[in-house]
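This structure is in structure tokens; I'll ask about it shortly.
Chain naming follows the written order as A, B, C and D, and within any one chain the residues start at number 1.
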Amino acid sequence: MPRTTTIVLGVIGADVHAVGNKILEMTFSDAGFKVVNLGVMVSQEEFINAAVETDAAAILVSSLYGHGEMDCRGLREKCRESGIGKILLYAGGNLVVGKRTFSQVEAMYREMGFDRVYPPGVMPDVAIADLRKDLGL
Amino acid sequence: MPRTTTIVLGVIGADVHAVGNKILEMTFSDAGFKVVNLGVMVSQEEFINAAVETDAAAILVSSLYGHGEMDCRGLREKCRESGIGKILLYAGGNLVVGKRTFSQVEAMYREMGFDRVYPPGVMPDVAIADLRKDLGL
Amino acid sequence: MALENRKWEQTLLEESRRQVLAGWPTGREVDLEDAMNYHRSLGQERISYHKLRRGQQEGVTFLQPRAGVALLDEHINLLNSLEHQGAADFLPTTIDSYTRLNRYQEADRGIEESKAAGRSMLNGLPAVNYGVKNCRRIVAATGVPVQIRHGTPDARLLAEITLAAGFTDFEGGGISYNIPYAKNISLQQSLSDWQYVDRLCGLYAEGGIIINREMFGPLTGTLVPPFISHAVGIIEALLAAEQGVRSIAVGYGQGGNLIQDTAALRTLRRLARHYLDRFGYQDVFVSTVFHQWMGGFPQDEARAFGVIAWGAATAALAGVDKVIVKTPHEALGVPTAEANVAGLLCTRQVMRMLAEQNVQATQRLADEEQVIEREVGEVIAAVLDLGEGDLAAGVVRSFAAGVLDVPFAPSRCAKGAMMPVRDLRGAIRLLHPGNLPLSRETLDWHRLKIEERGREERREPDFRMVIDDIYAISKGMLVGKPR
Amino acid sequence: MALENRKWEQTLLEESRRQVLAGWPTGREVDLEDAMNYHRSLGQERISYHKLRRGQQEGVTFLQPRAGVALLDEHINLLNSLEHQGAADFLPTTIDSYTRLNRYQEADRGIEESKAAGRSMLNGLPAVNYGVKNCRRIVAATGVPVQIRHGTPDARLLAEITLAAGFTDFEGGGISYNIPYAKNISLQQSLSDWQYVDRLCGLYAEGGIIINREMFGPLTGTLVPPFISHAVGIIEALLAAEQGVRSIAVGYGQGGNLIQDTAALRTLRRLARHYLDRFGYQDVFVSTVFHQWMGGFPQDEARAFGVIAWGAATAALAGVDKVIVKTPHEALGVPTAEANVAGLLCTRQVMRMLAEQNVQATQRLADEEQVIEREVGEVIAAVLDLGEGDLAAGVVRSFAAGVLDVPFAPSRCAKGAMMPVRDLRGAIRLLHPGNLPLSRETLDWHRLKIEERGREERREPDFRMVIDDIYAISKGMLVGKPR
């Protein structure tokens, strides 16, 4: 594993919420990760291509606008097909339409193959700590 | 029945909420009733004595402070004992401690022998209309 | 013994204390020495006086809810939620209405019925019935100062027991806990009984234990013009100081007009300091308290949050030491812990958002301040006059004469000859001055303001306008519109 | 065809309309004649333009929520609650994100999945997929004006269908619905597509049907300095007026500092009028819109109510024609009808309570107004300059040069070279001006304000301070404190 770990960051689907994405880029960079930020409106293919190209250790998917459930479905399968089936997948933001109990949402995304799922408004430090743990850094 | 109907008004128990009581006095007087206002901190005995003395058609009991449940218990029985067992008894205000569904509260006060029970913040016109109806005015 | 504003003799106090403590079995538990030792064991962050001083130095505004239930363990749980989920800076112990009227027997019944019913049948905690040892559990279980809040004309035994239990803050006064809270109790009586309470605090002070005494500013909570509550609060402060009280908070209940409320809070602080200094009590610490809207609330919770938030905004923009917080359940009943926490969180959010902003100095603000100062000056001068120099005697005679008056009060001591109403901008003015000792200049100011509203609404200002104003907030406005 | 700010020829419009209407099957339903007849059948109280005019005459501020769900009947029920329980003055139909990007196929899937799941899987109503006849059911089911709210860079088909359906109000503009809402769409494209929409409204206007067009003031909703959104809104207003739009609303998203927000709302109204008059559009009706806090919200509902109420208070004290209302669910997800009603009731309560009060005229307010006016003047002059007199061309070149810039925008068209931050009192200032065409005098004003904060917080203002400010409201403050 290279000294600086690469992560791929982006907001999936037709979602344009850019603010959190910009902050995640700044904070993960600050924490020493190499961040490949795809910005907003990123398709599943773009995420995977970027991860493959940069040999990334994790893909951090944001979805704020509510369509996450539809946009994220099948991402893990596509990762497998592209030979990065074991890559860490994190998801965060406002992952479903409406206010729902987070445990439901978490279960749904885990079912979809995400390794970690975050509730609305989680602070970046939490994810940074998790990532270090999951990668054994 | 005399042309002007007399009603007895007061705030029961150790309750000192005076504002609503003053407004009830003004509005019932305005509506043509003869109002015997006992003010705040009125005991069951005082209500009954006043009703007997003035040959009142109804006793309007206010309780705001939450102890109404304890303060009102037995009023109907005492009325009976004093020979005015059939007098109309109305209750209004914040009749129990805490926020509870009104239907529970209403049932409890009806059980105690009140003819009409009003939820918090009812407007005087409602009770005036009811009273006219109950008295066939 | 004639009532006068003079520090009680030690012998009088001792004799009275013996009687008071014999009034109910728990009185026997009071041991002043033990009490003071317990107080000495408390850290400064749990002592009101110290926390208020620190707050003033650091420019912090503290939040305090109201809360009290019949059963002790439940009460402690309630306070714990308010402290930990609600981040309350000061905690309350609100006392039930039977205790407030010294009806300890009925309070006992309330405890029993509450146990039986599995829910609080009392609107507060009957502290006297629980006694010193039990009440100390409350103090021991909390990390911030706890204040006794009540509405008790004769609070002597309540003070004895709760101060002995370690509470560091005690609300009330001979006027503000009589006129809005009683019907037949004379001011002679209540003033004298509060001299006892104040003298008791003085005794603690002499032992190095400074109890904060807060005057209940809002009075009837209903269209009280600022100068009335200021005059009452300042008089109570002077009476307390004479008995040796060393830390005094004066309060004010939100009126709703931002400029008037700002003027009220700014003058309250200045005037309280001014009068205490003028009468020789330079060593008394003064702080100010703001009560969010004290009149009838809207029933809908979202709307209630709006009222709460505007109170919070006013407090932040005007500046004050402590805010007493309402809850979204206000119109409906004693709030649950959750509703109380919600009131705190909403208030904190607004106050912190506005921490960097304040009401700008304008001519209108200056005018309002000047009017309030003049009014308070006129009233207090008249009270002293009537008392032939003695403030306590002056208060009794002034209420009898309507020179001091409180609107919508249940007490027979208040003449109720004055009648307030809002002006065009929602500031509280005088519709009828009754016998208030105001100068022509002051009365003209009120008259002009009210005429302005009458013209705008095309109606003669009268009691209907007042009723409209009383209902206004619960119907979603400040100035009651003609129906 | 090169983009220029000139009213479209009839032939161009006709040709374009044919193409657009062929873009999705429901386009076939559009029949202008039938549409205009339907519009003529609506009472004035259901037509935005008329209601807004009446509101301005009577000094009323209107409330409007945001709301849209995937399924038509549910959407109608939702609007009914908002109108009847929430007493909304204007209703919305918020469009889903697939439709906003013209991905009608995906929207179709969203409808299907929503039906299957029994809950809305879309964040709005896919109006294009439903078509004219279905959408008219929405208009028919409501008693107040209904506005289409979206965020669509190419809203040509959406406008065709919804205007034909009888909606009387359409939000958006070539800048404000591109820069915050898209990534790769050129301004040439979006400005041209919005000329189409505006020209379509012009066509209606020629038929006597005045559609209100609202510009989306808040942009990214995150630390946008007032002059930026003002400049954008005014430019969009001028572009719309050129195409024949006769009723224009310009918007502004709450910043949080009362003085700055007041200055912003007062200058917005004046400046919009001023520029429209200056360029010959005296007959265009202008109104103003205030958006309650558009950035990240606190999750706790009580705290969210605090944010909502402060927005309401600002609107009432500053004065504005319409308020777009947030809900206590904002931080968590698309609100339920109940949460939306709660936002409306809370807002109404505060606004009516404060209806008789306003922000006092002070030097600070005058200074803020003057600064905003100067800034807007500097920016618009530079845009016209770059466009060599043509506003549309100027916009494209200005964004490319960073002479127009929007912070935190997802669009590649925005340089993002400017960086905002709050000053000591919470007003939004420039940390880095990027390439904004501001005078030395203006830049000095910003610099001094920010230095003041840096000194107070003992830190060099940098991106960390900006991040603190972005998180601030959701953490319960306005000015982000150092961690």
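Quick notes
Following the convention adopted for this analysis, a residue touches a chain if its C-beta (ideal position, glycine included) is under 8 Å from a C-beta of that chain, and two chains touch if they have at least 3 such contacts.
Please read all numbers here as calculations on a predicted model, not as lab measurements.
Note on connectivity: the fewest steps through touching chains from subunit B to subunit D is 2.
Subunit A and subunit D, compared by their mean Cα positions, are separated by 30 Å.
Here the CA centre of subunit A is 65 Å from the CA centre of subunit B.
Centroids built from CA atoms put subunit D at 46 Å from subunit C. As a whole-number value, the distance joining the C-alpha centres of subunit B and subunit C reads 30 Å. Along subunit B, no residue makes contact with two or more other chains. Taken together, the touching pairs link the chains end to end in a line with two free ends. Pairwise chain contacts present here: A-D, B-C, C-D [touch as defined]. Note for the complex: subunit D touches subunit A at residues 96-98, 100-101, 103, 106, 109-110, 113, 119-123, 151, 180-184, 220, 222, 295-296, 299, 329, 331-336, 339, 408-410, 463, 467, 470, 474.
Across the complex, subunit D meets subunit C through its residues 256-259, 298, 300-303, 305-310, 312-313, 317, 328, 341-350, 352-357, 360-362, 364-365, 424-426, 473, 476-479. Per the touch definition, subunit A reaches subunit D in the complex via residues 13-19, 22-23, 26-27, 39-41, 65-67, 69-70, 94, 96-100, 120-121.
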